[in-house]
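Following are the structures in question.
Across the two complexes that follow, subunit A remains constant while its partner is subunit B and subsequently subunit C.
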Partner chain A sequence: MKTNLKKIREKVIESVLMLSSVTTSITVILIVFFLFIEGAGVFSRKPIDDGFLLAVAPSNSVQKLSPAQVKDVYDQKIKNWKEVGGADLPIVLFRTSDISDYYTDEELGENFENFPQKINELITKTPGIIAFFSETYKAKQFVGKELDIDKITISKFLSGEEWFPTAQPIAQMGVKPLIYGTLWVSFGAILIALPIGLAAAIYLSEIAKKKTRNLLKPLIELLAGIPSVVYGFFGLVIIVPLIQSTFNLPVGETALAGSVVLAIMALPTIITISEDAMRNTPRAMKEASLALGASQWQTIYKVVVPYSASGITAGAILGIGRAIGETMAVLMVTGNAAVIPHSFLAPVRTIPATIAAELGEAPNGGLHYEALFALGCILFIITFGINMLVEMVTNRKSHKKH
Partner chain B sequence: MNKFKLFLILPLIGMLSCGKAKTEDKGEGNADASVSVTIKGSDTVLPLAQKEAEELMKNNANVSITVVGGGSGVGLTALIDGTTDIAMASRDLKTEEKLKFSESKTEIEKVIIAYDALAVIVNPANSVSKLTREQLEKIYIGEITNWKDVGGADEKIVAYSRESSSGTYEFFKDEVMDKKNYATTILSLPATGAIVQAVGQTKGAIGYVGLAYETKEVKQLSVSYDQGKNFVAPSVASAKDKTYPISRPLFYMFNKTNEAKVKAVVDYAMSPEGQKNVSEIGYVPLK
Partner chain C sequence: MSTEKKLANKKRRNQNIAFGLFTGISYSVVGLLFVILAFIVVKGIGVISWEFISAMPKEGMTAGGIFPAIVGTLCLVLVSMVFAFPVGVFAAIYMNEYVKDGWVKKIIKQMTNNLAGVPSIVFGLFGMSLFVNKLGFGDSILAGGLTLGLLVLPVVIRTTEESLKAVENTFRQASLGLGASKWQTTRNVVFPIAFPNIITGLILSIGRVSGETAPILFTVAAYFLPKLPTSIFDQAMALPYHLYVISTSGTNIEASRAMAYGTALVLIVIVLISNLLANKLRKHFGKKVKMN
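After this line comes the complex of A and B, so read on.
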């Protein structure tokens, strides 16, 4: 009887444990699945708002405009049709709200019921027009010519250099500046954090007295518990002006400011993990080295550091992992201008900052929303790659041992 | 064996009683407080709505109001989804939003609760004190990049804008930039406070904020909408008599079917006491 109950009890505990691990795995898979489904949606769409169209007069010989051309036309950088391969004719811009410049409210009707007919009229009498309006206002016998707009492709999405997801009429979806921005900031962070972190780890594990260590270690671990917004404020108020005056820049919100803040945030990870790895160096190896006449320094850089190399690498990579995904702190200090950076002293916009800043306004299920999910996919792929690297590095260590 | 059973049963009882207690609380809450209203949206309207909500709740214990920021777009999206009762907006509905509302057959009631003027701000060390609309437009589309082109020192212009979710961003684009897109080099910051901070500490900076955010760390510019004939400084008075050109209405928007629920809040905003808060916060009252 008693043994039976014990067995049942063990079974129950076992199944509870199994259930929780299964639910976790399923949740993770579902999240990734959801992310990619939503993100993939962007590649089957046109970069124009749903249910809207761009039309020109029927006599116009231009068939097609690239997204960049449409943006330049509406920014009035291109002012004549001959610049895009048409006749020598000035371009007349028309947006839905411009209708009141041409017709009175009475002419349009109370609920805009005369709108389609009036647009037809306008397009016929203005040969240079380019009109952007909703399909609900498109007349049954529409006289204008609809411009062809290409769907967003993966290669254009990745190689595009302009990020204007809310631009009207055509959204500019180029994520290259965002990817570069993310990589620059993270790379800079690791460049700063690795030497400092490594030095601190060596000091803590090999040199510091027990008392100092007991004081310093909790302090460093405390760094990991500070909310990222606080780091962001600290960066905006202290680091940004500091960088601005040190390098005599017109603006202090730069990739470097982001890197410094992220470096501080990545330090606890790097220090804790590499220190643990160093302390795992077998005592016998260290003593053998000292017994052979090596000084403490020689022991550290010939025995301890090489032995714990994989642990240090893992710490560094996990540190970058944290840096790449960090949102709030970076959002506040990097200036968020979506340009491809050419130096650490220029403003950048990172992927997480973009998602955080823009997701709130993006209409659910719209093009902008899906583009942000696609950005999330890119971020996921980057961090996934990094985690794979950690796995490989730590595996190499265990092979060495055997 | 008994012990084991107890282990299983105790948490269960705990869970059940917790659940029960919670539902009871909810019921009581609904019976007592007659309305609980959520207001969400523009960060520009936020300080005003917050203040009015506090005053109203002080006077009227039956109303409980939650005010949340996030940007006009956020508030309107929430209104479409039905997760807020009132959307605060610092701009009118966009065409897409109008279509969304008409698709879901919801009729939206818009109430103007105050006017806000947008002040263009620069660093106090900057010698420029006035700009025309055309100059502002060229600065923000990236055609003018040095202060000496607009009568200042030889210094690079660092232009700040709000993030694209903000109503201020759209308003500035529509009113000042003639609907052209911002240049890619424009720095964008997530909050008005951050813009004031950044402009205050950056010598060549220019930015725009609501009049209510005015502080001593930045200098406000006079602007001209008639090619430089008349320059008007931003102030409550000049916005009120409509001589200051960059001003905009601030809205409360709500679903018409929801009118009874939000009536107390909207009525208070329009009342003389409510309008008194408007001038206290630094916006322009309706009358």
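After this line comes the complex of A and C, so read on.
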């Protein structure tokens, strides 16, 4: 009886332990699930605010406009219907607030009850009109022609070059500038951090005395412990003004500032992983090289570095992964201009920074909110891919060893 | 003869240049750490006073203190650890003491690695969508603490696993040989030996949690809330978020700069103390375990 109880207790404890150990797996699955459920919503929507419509005169031959065209029309970059395949007719813009240009308050009625009818009137008498208004103002017998607006597709989302998620009348959801911004800043960071990190790793593993190494290594690891918001703050008050004055720029918040800050943050990762890889070089190989008359330096770059190449690669890739996902520091120093970067000395905006800056203002469940979750999905996929890559690189190495 | 000598000289010169360069670079990296720390300490130390630590923010966060942010961060650390510490330790015990090598272990390990690689802003999105919206916790310490707890779970698991691995197998065999069950062995023999190292992991996680900003942006953090939280369903201020707010979007950025330096200093002191403490403990107990 007692042994039975003990057995049951052991089983119960084992299941509790097992449950705990699958928490991480469940979390990963839940993250994927929630991210993709919320993010996928954006692809079944039209990039126009719920309950609003765009309409033209019935005589207008234009059936639909792309989001970019609508934006150009409302920015008055496109001024004539013939530019978008219609008749030669100047475009007359109309937003709800413009109604007072055409009608007095009395004509509209106290509670705007005549609004729908007046819009009908306006559309009939202005053949070149494009009207953006709420569906509550759409008359029962609406005379205008509602413009067809394409749903957002994955390919348009990825290839679109404009990111104005709250633009009226049509939101511009193109993540290309954000993806490019993220990659620019991250690769810039690795370009700076890799040579420095490699040099420090070589010093720590091959040149420094044991005592120096034991002193320096924990200090370098301490760099990894500093919170990213502190790096951001440091970048904001030191690196940004420095870049501004060095390059004589109007603003110092640039891709370069982001890269420098990220490089500092990526250093501990690169140094620790590369150093571990170098220290794993078999002693026999090094001694063989030295015995052949090679200097210590020749041994390092002909034997140690090639031997630990996969470890160094893993460190570099991991560094890029960290840089791509980093949020706060980048948000604080890159200036956050959502344009496709053309220079390291111009402001850029990364995917994580966009999420952090905009989610607070995006209404729950709205188009913008879902678009930001879709950005989260992209980020998740990129970092996940990078982790897999690291895994592959390090696994290949361990196979080689055996 | 002379060409050989020349060659040898060149070799030596190259080596000296390379080594000098690498030494210089390494010390510069360490120097960078000291520059960052010194900068924040020098600029922030003048701001630190009893009032700064213990008072509410005043006048659009340009004066007063950061007390609610400190309390908020402590609450977040507490909630996240209450969740992550037991779950992480149990998970590590299962992985190290119970499950046999095989595909189950491989998958769990892989998933833990994957979780560790998820960017912190994605945790923020996830926490918002699951805890804040789906489970209806709202912006609260509970939602933020759980999000942070999930974020550090891989850290707790990894450090605990390492501590358990360091326990020699002879201890387990001796205990099992005396007729103790697996759980009895784990609880009474393995766990006590590994415990000091496990605590090191806990302290490291505390440092990590107190510095994270992105996961709490949308799950708990309040821009300005001059009162202390009364329950885990309240919103709260937090140190890292407070630093972000007053250095980028405060009502008067120039006037609140001094407050920002002070906040950065307090934050960095908390994080560095936990890191150094963990390091010290690891060394201290590392010796002790070996002596056993």
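Here is the rule we use: the second predicted complex is superposed on the first by the 350 of 402 C-alpha atoms of A that agree within 3 Å, B and C clash if a C-alpha of one lies under 4 Å from a C-alpha of the other, contacts with A are read in each partner's own complex, and residues count from 1 in each chain.
Methods note: a residue touches a chain if its C-beta (ideal position, glycine included) is under 8 Å from a C-beta of that chain, and two chains touch if they have at least 3 such contacts.
Only a predicted model underlies this, so the values are computations on that prediction, with no experimental measurement involved.
S.K.: Would you check which partner chain A:F34 touches, where first means subunit B only, second means subunit C only, and both and neither mean what they say?
M.R.: A:F34: touches subunit C, not subunit B.
S.K.: For the overlaid complexes, name the partner, subunit B or subunit C, with more touching residues on subunit A.
M.R.: Counting contacted residues of subunit A, the larger count belongs to C.
S.K.: Name the contact category of A:T96: first (subunit B only), second (subunit C only), both, or neither.
M.R.: In the superposition, A:T96 touches subunit B alone.
S.K.: Taking the superposition as given, does A:S44 touch the first partner, subunit B, the second, subunit C, both, or neither?
M.R.: neither
S.K.: Looking at the overlay, does A:F164 come into contact with subunit B only (first), subunit C only (second), both, or neither?
M.R.: In the superposed model, A:F164 contacts subunit B only, not subunit C.
S.K.: Figure out whether A:N364 sits in contact with subunit B (first) or subunit C (second), or with both, or with neither.
M.R.: In the superposed model, A:N364 contacts both subunit B and subunit C.
S.K.: Touch test for A:P347: subunit B only (first), subunit C only (second), both, or neither?
M.R.: first
S.K.: Just checking: does A:L219 make contact with subunit B only, subunit C only, both, or neither of them? Give me first, second, both or neither.
M.R.: A:L219 contacts subunit C only, not subunit B.
S.K.: Report for A:N248: first if it touches subunit B alone, second if subunit C alone, otherwise both or neither.
M.R.: neither
S.K.: On the A-aligned overlay, A:N4 touches which partner chain: subunit B = first, subunit C = second, or both, or neither?
M.R.: The answer is neither, since A:N4 touches no partner chain.
S.K.: Do subunit B and subunit C land on any of the same subunit A residues, and which?
M.R.: 9, 236-237, 332, 356, 360, 364
S.K.: Mind listing the subunit B positions that touch subunit A in their complex?
M.R.: For subunit B paired with subunit A, touching residues are 1, 4, 70-71, 73-74, 77, 80-81, 95-96, 99-100, 141, 155-156, 158, 163-165, 178-181, 184-190, 194, 197-198, 201-205.
S.K.: Considering the complex alone, what residue numbers of subunit A touch subunit C?
M.R.: 6, 9-10, 13-14, 16-25, 27-28, 30-31, 34-35, 38, 196, 199-200, 202-204, 207-208, 216, 218-220, 222-223, 225-234, 236-238, 264, 267, 271, 295-298, 300, 321, 324-328, 332, 352, 355-356, 359-360, 364, 372-373, 376, 379-380, 383-384, 386-387, 391
S.K.: Using the touch definition from the top, list the residues of subunit C that touch subunit A in their complex.
M.R.: Listed in rising order, the residues of subunit C that touch subunit A are 11-12, 14-15, 18-19, 21-23, 25-30, 32-33, 36, 39-40, 86-88, 90-95, 98-99, 107-108, 110-115, 117-126, 128-130, 133-134, 150, 153-154, 157, 181-183, 207-208, 210-214, 217-218, 240-241, 243-244, 247-248, 257, 260, 264, 267-268, 271-272, 275-276, 279.
S.K.: Using the touch definition up top, name the residues of subunit A that touch subunit B in the complex.
M.R.: Against subunit B, the touching part of subunit A is residues 5, 9, 49, 51, 71, 74-76, 95-97, 134, 136, 162-168, 177, 236-237, 240-241, 244, 250-253, 331-332, 335-339, 347, 349, 356-358, 360-361, 363-364.
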